[in-house]
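Some structures to go through are shown next.
Same chain, two partners: chain A is paired with chain B first, then with chain C.
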Partner chain A sequence: MKLKHLLASAALTALATSAAAQTELSLWYHGAGSANAEEALVNQMVEEFNASQSDWRVVIETFPQLAYNDAVGAAALAGELPDILDVDGPVMPNWAWAGYMQPLGIDESILDGFLPGPIGRWNGEVYSVGLWDAAVAMTTRRSTLEDNGIRVPTIEEPWTKDEFDAALATLQATGDFDHALDLGMAWAGEWYPYAFSPFLQSFGGDIVDRETYQTAEGVLNGDEALAFGEWWQSLFENGYVPGTSQDAADRETGLLNGTYAIQWNGNWAALPVVEAFGDDALFLPAPDFGNGPVIGAASWQFGISATSEHPEGAREFIEFAMQDRWFAAFSDGTGLIPSTASAAAMTENYAPGGPLEVFYDLSEAQALVRPVTPGYIVQAKVFEKALADIANGADVADTLDAAVDEINEDIEANQGYGHN
Partner chain B sequence: MASKLTRSNRAGWIMAFPGIALMTLFIIVPFFLAFAFSLTNQRLASPNAVEYVGFENYSDLLGLAVFTLEPERDESGAVVRDEDGEIEYPRLRNFTRNNPDYPNLAGKREWFSWASGENRTVVLSSDVVFMKALVNTFTFVIFVAPIQAGLALCLALLINQKLRGINVFRTVYFMPVVVSIVVVSILWRFIYSPGDGLLNNALGWLTFGAFTPQDWLGNTSTALPAIMAMSIWQGVGFHMVIWLAGLQNISPTLYEAGNIEGANKWQTFRYITWPGLRNTAVLILIVITMQAFALFAQIDVMTSGGPLDSTQVLVFQAVERGYGKQDISGGSTISVILFVIVLTISLIQRYLTRER
Partner chain C sequence: MATVTADNRGLRLATRYAVLILIAIIFIFPLLFMVMSSLKPSAQLLADTKSLRAFLPVGDLSFDNYTDAFVRAPIGLFVFNSVLVTGITVLFCIFVCSLAAFAFVFIDWGGKTIIFSILLATLIIPYETIFIPLLLMASQLPWIGAEGFEIGWLNSYRVQIVPFIADALSIFLFVQFFKDLPKELIEASRVEGASWWTIYRKVVMPLSGPVIATAAILKFLFMYNQYLWPLMVVQEEGIRPVMVGLGYFTDQLNVPWGEVMAYLTVITVPVLAFYLALQRVFIASVASTGVK
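Showing the complex of A and B:
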């Protein structure tokens, strides 16, 4: 009896040691309960990585997206960060500055041919890389434009401000639509700075001065920004655009059922449009408001936590993920834009002639990352509130001044956010 | 007294221990932490060292200034008027921004203003959003506390009868309390939805289409009342149950005596029921006031403080600043101010309703 016991425990110990030959690496991911194939693909990638070598075993833990950033913040305070972190592009500088993350230290030559969005740089070092990017476009139907004598813009020749305004006025005047344009005001949160700050940048303003990142004065309340603000308010005053109380359900279905003529929406919402309208579907570039057409860039990316005891293992995993076949698999599974052109060629939607090919071109031609500063988290919130207030009729100059003051006070309170 | 508490009462202390420990850990300690943080520049996440800043956070929130704007005058000294005949004033931003002549106005914004003769008197605040949150919170409490308490009492009187199936009514009225406030808020967002929302549809149907649909949550004049109405509906069942407990504590012999004396319904309520509910009323008043000051979830889910700050409230601002904008010291300062307000009001209520 005793002998049997001893043998059994010896066998167990042997089993445990052989499994422990692989050092464990923890990975946190934001996509728990994602509606598409994202979560399954991440799990598949982790399994293949674990099987592909014998040094490391990645253990994944997924979180709902809404709780993810809070979980990381709490884990950082408690000193329990995982080895590999999943991070939203514009948030990365904050985490790097706050000491949650360390530079990737990967061979940068593997990033050749990447779109600019999926590479996260802070203070000259790469901290995070992504498998995909996202892009937004003016989504509409060719027939809608042609019936109303509106020119179909191209990437080389996008709409000018006057052309765009005239198009909205024409479409609104037809009476066929509740609103000529749907900007997605129902999507409060990061959508506002992601989707709307490019308009401001196209006017010539910005959320913060990107030369120094020390002030927003003159950038967010300069003449260009005031012009943007007046234009922004006019959209709502003229009734071209549904306001901040827009029903989220209308945002989902408004273009498809003809309530809206044009929709400013991301590539993740593009496939239903193609399915509904077929060849009639159009994904048009952002208008040029005088300073070049701009759309937002950067999505979720992988990085290494500052407290990881095995950064070399984390690095190996991230390099394993940076393969065209994964970019293509995620793109096919989720509809997002693969990080490289060679991967795009392998996908269903972004290959030459594919229904969403135009989004890859838009990303390449117009994408601008959001301000790369740890203060972005606060600046995004301030910008969101300013835009909502102006849409609801607040005085443009006063609102933008107040936003500038709040951003500048925050930069000062954080001693300049470590820019050098 | 003290000796009795400490000596022959070990069982009592042991039984009280879990409660006292939890309250210390989650209420008393955080309160002192909040007070300590409010005197520093503590951030949620920052590599910078924390510094003591004294009462700067308080003056940033509470700073006020009064300024008189003189109208624009042309060369002859006459007041300039716009097309509608309204007097034109210089932009306030000329004084509040980068103007060394008015250091007391730097960084302040207009809170409200009124005309006094040709001049315009402007009250400026260092933090207009906080001031609006303060006013909105008080407005909410002033309306919700009496209406919710009164409605709850009416419901309690209605269901305090021996009828067949009365438990069904009790359950129905109590149901909203059991449902999570977040779920209730999401449902009410559909009810208040602009255009063809449930409320607009119902009102249109009741008035045979004469009612023009309202954007309940998107309009500065209806957003806060809409949230008040929904909050009253949600919380009324809870207070109804407390009233009911109070009602059932009143001895039936008093009612019998009243009956024999020939008291009518109103006299019965005025001289038997109401005096019997005295302690319950004090409890309900204090509880509703404190709950109303803590208004957060409805705002967070339904409006995020908009439109144009018409639904900003203190707790929402505390959370928004502390977590959203990573400014723990700012959020803590609002919490401390809220604590002082609620404590003051509770003490006043205690004093006014004391046993005389």
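Showing the complex of A and C:
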């Protein structure tokens, strides 16, 4: 009996010593209060990492998403950043430029087979990687299109601008719907650049010139952008889409209850559509407005803070997270798109033949990350305001010119944002 | 010239009450909307906003939003943190600010007029403009606690309390009130040999109920509604206050409005309780100090 006690004590001591030997790594995460399984999965991943090796112990602190970016900014000022940061893809260049983050320094071969969105690259170096991506699609019912003689587009052959316009006119003329199309105007903020700048890019314009990232002149107010602006305004003038005062409840239920014929919405809202419409549900690619169909990309990703004293530990954790089994688990838990095809095959929804498979294909075929520049966080706000103003009847050319001026002044005020 | 008769006196009274009831309804509507909405599913809640149904207990009512809200966020912890931080700050504020005001009003010392003017001038500086330097300062302050000497106050209760103990508005309120106290009381106490501390403790403060209530309520509301400062200085969930906790109910696109209303209803209870407890003295103080 004494021997048993001795052995048990020795085992406990060994465990305690092992735990004590682990160096603590702090991890900040944006998902506090998330209704889905995201927070629980992050916690599970951290626990498994801590148990899988004896060098590092990750301690997670979760923040509400609304407050997260401000909390990181304040912590950076005070020199209190954690070792591992969670960062929204389009925000990453700003944090890297501001000195909040350092390059990951991971073996980039582990990123082979990744969708483009989950890889956060800035000035030629990878600063962040994500376990998932998100995609948007034109969501509707097959019967709605077929009953009105509208062609069902494919990824290989999406609607052209003329086809899309004609489809909207046809659906609006039926009188069966309040609006032919729901763009989600009730969702302000990042939704605007994420969901609507792809239309501009498909017209041939952009928020900022991606060649240099030093000006928006000619891309946000060039001929292509003006054509986009006129088209955008016509959607509202013709009553095809609800305006900026759209009720959030209508956004949520409008397609399901027949208020809208088509809805521009993300994969996160797709399962209720499948449940409601079954085989009649359709998730269609973005129309091609002349320069190829485009959808937005990049979601939340992991990176290493610039002040981390243990980047090798942080790197080890991030590499641990970059496994198909985690991508699949997060996808099954949250509905988001796994970062690799091999992980997609392991999921309920994105596996071949799964109800949301098309979203993976859309991400692969049409995704374009938002402008990869530290100035994006300002440019996104300017773009959002310009689109809302045009939707509300503002002069297209004047509004886009003003947006260009504002973006250029910001770039100049920040000495070009450090682009190499 | 019109004469006041029994009839038109009644009419005036009725008119006055009608206006007062209307004003009361206007003020109570937001609270009513919040409570009623907290009992409805989000879809119904949003649909009801198009009509007076928003203020009525109609439709599919339940406490599900409360249940879900408590699952989503540690509401009890957030309320506890806010009440703790607010309560301690209010207590220290009343003590420190009344002492300062006492010195400005009753004790003669050189330069007090200039210093009081400078103090008043700080009223026009919004807190938000000094938060960055305050943050940098707080991150470098020394502290001796249970774990010994350390540098940095971030992630603590004290960083949420100490910077807000003294404030110009509270000192101003106490100064205004103290000025109206009979000087004879102070002079008589001095003649009797009372120390300044005794006069403060046994003469002035017992007469200052209304201004204490006013300063306490204003401070309570300011502290309880704190968002930006705790967001900047607190990273641990265990010491987060209620307003930062509100962020648990939003993400980039979706807001569970029913849960938001349930959360707001719960966190409003301490504010209402505090105000109701002090409202009589508060009203008396507003009348006497001219605070709007």
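FYI, the second predicted complex is superposed on the first by the 401 of 420 C-alpha atoms of A that agree within 3 Å, B and C clash if a C-alpha of one lies under 4 Å from a C-alpha of the other, contacts with A are read in each partner's own complex, and residues count from 1 in each chain.
We take it that a contact is a pair of C-beta atoms (placed from the backbone, for glycine too) under 8 Å apart; a residue touches a chain by one contact, two chains touch by 3 or more.
It should be emphasised that the depicted structure is a prediction, and the values quoted were computed from it without experimental measurement.
Asker: After the overlay on chain A, what do you see for chain B versus chain C, clash or fit?
Answerer: The answer is clash.
Asker: Using the touch definition from the top, say if A:S128 reaches chain B (first), chain C (second), both or neither.
Answerer: Neither partner.
Asker: After superposition on the shared chain, which partner residues are touched by A:Q301: those of chain B (first), chain C (second), both, or neither?
Answerer: neither
Asker: Mind working out whether A:T140 is in touch with chain B, chain C, both or neither, as first, second, both or neither?
Answerer: Touch status of A:T140: no partner.
Asker: Classify the contacts of A:D70 with the two partner chains as first (chain B alone), second (chain C alone), both, or neither.
Answerer: Touch status of A:D70: both partners.
Asker: First (chain B), second (chain C), both or neither: which does A:T334 touch?
Answerer: In the superposed model, A:T334 contacts neither chain B nor chain C.
Asker: First (chain B), second (chain C), both or neither: which does A:D247 touch?
Answerer: both
Asker: I'd like to know which partner A:W28 touches here: chain B for first, chain C for second, both or neither.
Answerer: Once the two structures are laid over each other on A, A:W28 reaches chain C alone.
Asker: Choose the clashing stretch of chain C with respect to chain B from the list 80-88, 98-106, 134-142 or 224-232.
Answerer: It is 98-106; the other listed stretches have no clashes.
Asker: Determine where on chain A the residues touched by chain B overlap those touched by chain C, and list them.
Answerer: 70, 77, 247
Asker: Would you tell me which residues of chain C are touching chain A in their complex?
Answerer: Counting only chain C, the residues touching chain A are 42-43, 46-47, 72-73, 132, 135-136, 138-139, 152, 154, 228, 231-233, 235-237, 244-253, 255-257.
Asker: Name, in rising order, each residue of chain A that touches chain B in their complex.
Answerer: Contacts found on chain A: 70, 73, 76-77, 94-95, 97-100, 188, 243-247, 377-378, 381-382, 388-389, 392-394, 397-398, 401-402, 405, 409-410, 413-415, 418.
Asker: Okay, in this complex, where on chain A does chain C touch?
Answerer: So the residues of chain A touching chain C come out as 28, 32-35, 61-67, 70-71, 74-75, 77-80, 187, 189-191, 247-249, 252-253, 266, 268.
Asker: Can you tell me which positions in chain B touch chain A when the two form their complex?
Answerer: Residues in contact with chain A: 41, 43-48, 91-93, 96-97, 107, 109-110, 128, 193-195, 197, 215, 217-218, 220, 304, 306-309, 320, 323-327.
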